[in-house]
Amino acid sequence: MTDWLSPEEWTAVRLSLKVAFVAMTASLIPGIAVALLLERGRFWGRQALDVIVHLPLVLPPVVVGWALLIGFGRRGPIGSFLAEQFGIVLSFRWTGAALACAIMGFPLLVRAIRLSIASVDRKLEDAAGTLGAHPVWVFGIVTLPLILPGIIAGMVLSFAKAMGEFGATITFVSNIPGETQTIPSAIYAYTQVPGGESGAMRLTLVSVVISIAALWMSEWFARRARLRVQAR
Amino acid sequence: MILEVDIRHEQGGFVLQARFQSGGGLTALFGPSGSGKTTIVNAIGGLVRPEHGRVVVQDRVLVDTKKNVFVPKHRRRIGYVFQEGRLFPHLDVRQNLLFGRWFTPRRERTANFDHVVDLLGIGHLLERRPSTLSGGEKQRVAIGRALLADPQLLLMDEPLASLDEARKAEIYPYIERLRDEGAVPIVLVSHSVAEIARLATSVVVLSEGRVTASGRASEILRHTDLFAQVGPAEAGALVEAQILRHEDGFGLTILQAKAGLLTVPRIERPIGAPLRVRLRARDIILSLHRPEGLSALNILPGRIASIDDTGGPSVDVMLECGGDAIVARVTRRSVRELGLAPGLAVHAIIKSIAFDPEALGSVAPHDV
Amino acid sequence: ASAQTRDVVVFAAASLKNALDDAGAAWMRETGKRVTISYAASNALAKQIEAGAPADLFFSADLDWMDYLASKGSIKPESRVSLLGNALVLVAAKGSTLQVQLQPGIDLAAILGSNRLAMGHVDAVPAGKYGKAALEHLGAWNGVKDKVAQADNVRAALLLVSRGEAPLGIVYRTDAVSDPNVSIVATFPDESHPPIVYPVALTKDSANPDAAAFLAFLRSDKSKPFFDKQGFTFVGKATSGS
Amino acid sequence: MILEVDIRHEQGGFVLQARFQSGGGLTALFGPSGSGKTTIVNAIGGLVRPEHGRVVVQDRVLVDTKKNVFVPKHRRRIGYVFQEGRLFPHLDVRQNLLFGRWFTPRRERTANFDHVVDLLGIGHLLERRPSTLSGGEKQRVAIGRALLADPQLLLMDEPLASLDEARKAEIYPYIERLRDEGAVPIVLVSHSVAEIARLATSVVVLSEGRVTASGRASEILRHTDLFAQVGPAEAGALVEAQILRHEDGFGLTILQAKAGLLTVPRIERPIGAPLRVRLRARDIILSLHRPEGLSALNILPGRIASIDDTGGPSVDVMLECGGDAIVARVTRRSVRELGLAPGLAVHAIIKSIAFDPEALGSVAPHDV
Amino acid sequence: MTDWLSPEEWTAVRLSLKVAFVAMTASLIPGIAVALLLERGRFWGRQALDVIVHLPLVLPPVVVGWALLIGFGRRGPIGSFLAEQFGIVLSFRWTGAALACAIMGFPLLVRAIRLSIASVDRKLEDAAGTLGAHPVWVFGIVTLPLILPGIIAGMVLSFAKAMGEFGATITFVSNIPGETQTIPSAIYAYTQVPGGESGAMRLTLVSVVISIAALWMSEWFARRARLRVQAR
């Protein structure tokens, strides 16, 4: 089994899992916050935020990678700020890959959560308020559990997207085996050489198996979340 | 005044313009469907922000649009039993019940969980999710949730509408206790005059967004025509009485009212306890002489104060019985046949059994 | 449309866009006929031609994919020409003070320090493959192989240098000369890597008589200026498989 | 039998095992909260698929688990008024009301839209969305929606719980008419004995998932102790009567029952019309002699058939009054003081006014 | 204005709009059907369908394009079948681009609709059933209007994805101006040559403007759909 993939490929698989997991996890809280803002907020610039969130979907991944490089690169305004102030370097690091994946998956995450937020019965939140719960608490113990299905769906989408993301990642952090070479980068390399099909196939299969596992887990969580709310 | 409401609010084409005050205890809101009861309760509870006006509860200004005061709902310390349940679907019954408790300062947690659960008969449901409860079960949990929040203001929007009489009979004394002991003002929406008569200290009658009458329950209920809109069957006088003695052998209790002695089914309260008794106008028979050989145990002598002809087949006869005002509803034919007229001495006959538990409310000493 | 009036469809490596667009426009001015050019990665184009794409000409960025199609019988071998050449250079960001002599035994790793060397993907992108070969030839590959940032195309590698992400990069001369943010530090000797050629050939399925005419036009001196302008070396000689 | 239910169904820890039959008209389901009423209605309506058993309505087998018959709900031609509204939020009130009509064969569309809308007083709401309606308004629309589906079986789960008396009084005659004219079997869940007494042809009493009593309304209501669980106030006898004449001057109507003449508030029905009258046990006073000078107009001579001592302060005295069975509830003390015993001749005294509109239901000739 | 973009670029913009619109529209009904199946269905192979729907997200776009080329190409089994039986040719046509975009956006569309379906109160559907509505009607006049917000959200995601989709499209149908060159493909070509940045920028801007318009329209529809259901 282990020699079915080369050590370098195993590294790519592990890295992909790490990147996808971190991308999903790190974008969760901002995702919930932005979903709340977009769905509930009435503020100036809401439309602009909405557009910005959707951009990674609308633009070709290469452009996003480009923009990331310009913004978060070593010389980019945000990148240099992060590096100087917090010592966080993204370029050529797996963290940069995670950032690229998180950004590409962000619109999907936000949409799923937004849909759930929209379907929450606000009368329940009112009821919680009458019982003395501050709005922050109301969010935490009423809204959040009720939107759990949407959060789970959003996480699945974000994770899956991160597993498949390639264009923005390779443009931003290029392809450094062991550091930024994720499964899609490795597959890409295979597709670029004549006769690379079998290698590409093997890695594709690994991706499929991982996504089956991820879906299976998410369904399990979603079912639990739903059972808590519904009858029987 | 414990509760002052003076608001104007428009929603859609509906205009609510309500102004009333109440001296605490239990304030009943009464009126036909769509008359604005829930809207008022929502304004008191902070769920509706009235366009104009003031809401003051126990000297605390909750809303004053002129001064731009609007206390958010989570700082009003209310317990709200909603017309439509609103249980938290993701929490089990126990968690629903304890929800408000998490936000109650520890030393103010006085409601006893086990007691409330027993009272409402929901002990076997504690681990269940709301979606598996029957209609009445949901409603009971909603009541419990509000009570266990140890509110400083209890809002109840038709809380007992879908409960059976036996269950209601168990819940009433609890509400009475809250009203009398806890110094918790209660606002209750109800369509049942019996319920209001039993529980209410003040009554606010609404119609199409306006207050058509408001005042002490004893006053409002005597004006039987006010209730024409809800069917006249339930109107009657509220009379204050004290427990004189118990007749254990017969399971009866003898009350002393100004009008005389009243014999009623046994009431489990100590001798001397003050009580409010509703004498429904339709339960009272008038007799020219003191009758003999009747199964009715209560015969109160009195004098006709006035006769209210409301135009229907029946008239309301106001009696003066030793200081208590009593109303009897009799047919116009009886008025003619018996020659009833103001000033005439008559006897009011009331069955002991006519005092169903609903009609016998406990009462705070300062009340009525 | 009938084959007679149809545009000539060229599947060309994306790096040829500027030159080929100009050449196509010139040919149209001359003959009144139009070329339609689909620019993508050579591998994608080759696979598409193999799958029956309606291409008349395939213009690859390296030999491998032309050979691949030749082995599948998807091109007309007699039409195949290695039209262009290019040179491989080492670039640094503009204003860099780095001095590098590309001679055997060079210790590129020391020059890079903890930094990265930007290249095309060393197994997938032609410029990357040539770069790797050249570094191997110079004996520097083992030292730097863990410091290579492999981009998915040579333009992205160039971008990494021009944005200052990597101090050095290996790209084609054609790309380097056009970017004002980078400067050429050194040029790899021709013998250090396999010849850099851009082969072009008629596809097997091409039935458009204009296609051969356009190929002839490309091979003629009339198109030379357009390729020169982009920094390619115009070879124009016929080749068979390598 | 028009309606046959014999099902066993488990949900969670709750076991419903119900078996009853009913001869059509209106079948009332009665029982404390959580006793399984809604579950039975759901089984009849096709929302719950019982694990075992049969449901037959007007000879049509809707469910037979043995034969694997389960008619899907959309082919049962029912009108279901749910305990919790369930209006379609995306449709306005008019569209909600007309929803069922789209699926009713054209020639079976008999319910008159304008009439139902008037009856329910929802004419001003037609363009509104359900989310803007008050609780009672929603409930009225839900009733209208079910009625306008021209159902062949009407299921009503506490349809009137949150309506005021005046509105109820308007709706009752409509339900009576459906029951008597339309040959539409109705199943009604209600906690109100008054409502059941007025409307029900048969009554099924449930407790903890089992049928504790079922039968004709007149039988069940006479057995006052059956209702102990819901408070005894409402029990009483149902008596069949006919309109004898109207006394227009006094706004009264005189009825002929077997027991004698009954004077009641005017009823707008023609002379000769059959009627059902509920004589609540608690409204009846017993007298040893024929009393004089009383405002009560109804004095029915009879004989004590038996005395039911239920153990409380009161006992139920069964009277035989010229062929009608009447129940009076009196205190035990009265029994002793008056020496009441089976065989004794007594007079039952009932106030005219005690017959509130709720107690006077119209009746189909074949009924009672 | 018109000469701000070259005629070829205008063609790409028009084509992108057409492709995105057709991709979105064509995947709508299958999307609703699959969402229903996945959310409500209890059938053998549900898990497999779920995985298949998610694959375009998990796999690098190049792989999807490749798979399409193999399956729907002129010589592919499905492609040749469609061509022979119905005369439908997808390879190297804009229809193929639409197919690629539809497939890439499908998981997003399905997820959004699934979330909405999950939040529909089934008691309302029961109520409609008691009123005589056949399940198909119930779906049409109760469920469908209630899941409209999810459908709209799904359509936005599908459209936006189609506007940005590049990898699968260029791999499947190449980058033929006037036939299969969408905005992202055109942007890609610009990024591959010196001096292409300004062209790429211009097209990116066009994409952003289009997505603003699409979002704006979707919000408008969503608000209408929501207003129909909610108070005020």
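Descriptive notes on the structure:
Going in written order, the chains are labelled A, B, C, D and E, and every chain counts its residues from 1.
Here is the rule we go by: contacts are C-beta pairs under 8 Å (C-beta built on N, C-alpha and C of every residue); 3 or more make two chains touch, one makes a residue touch a chain.
These numbers come from a predicted model, not from an experiment.
In terms of the stated touch criterion, the partners common to chain A and chain D are B, E, listed by label.
Fitting chain B to chain D on Cα positions gives a rotation angle of 180°, stated in steps of 5. Distance from the chain A centre to the chain B centre is 57 Å, each centre being the mean of its Cα atoms.
Chain B and chain D have Cα centroids separated by 26 Å.
Centre-to-centre spacing of chain C and chain D amounts to 91 Å, using the average Cα coordinate of each chain.
In chain D, the residues that reach two or more other chains under the touch definition are 11-12, 84, 132.
Among the residues of chain A, those in touch with two or more other chains are 66, 167, 188, 191, 232.
Contact between chains, as defined at the top, is found for A-B, A-C, A-E, B-D, C-E, D-E. Interface of chain C with chain A (complex): residues 41, 43, 46, 64-65, 67-68, 116, 118, 121, 123-125, 148-152, 156-157, 159-160, 163-165.
Here chain B touches chain D in the complex through residues 11-12, 31-34, 37-38, 83-84, 128, 132-137, 139-140, 157-158, 161-169, 191, 193, 229-234, 247, 250-252, 263, 265-266, 281-283, 285-289, 291-297, 312-314, 328-334, 336, 338, 340, 349, 351-354, 356-358, going by the rule given at the top.
Touching chain E in their complex are the following residues of chain C: 9, 11, 14-18, 36-40, 44-45, 47-48, 51-55, 153, 155, 174-175, 177-179, 230. Listing the residues of chain E that touch chain A in their complex gives 47, 50-51, 54-63, 66, 107-108, 111-112, 114-116, 118-119, 149-150, 153, 156-157, 160-161, 163-164, 166-167, 183-184, 187-188, 191, 200, 204, 207-208, 210-212, 215-216, 219, 226. Contact residues of chain A toward chain B in the complex are 123-124, 126-135, 137-138, 142, 145-146, 228-232.
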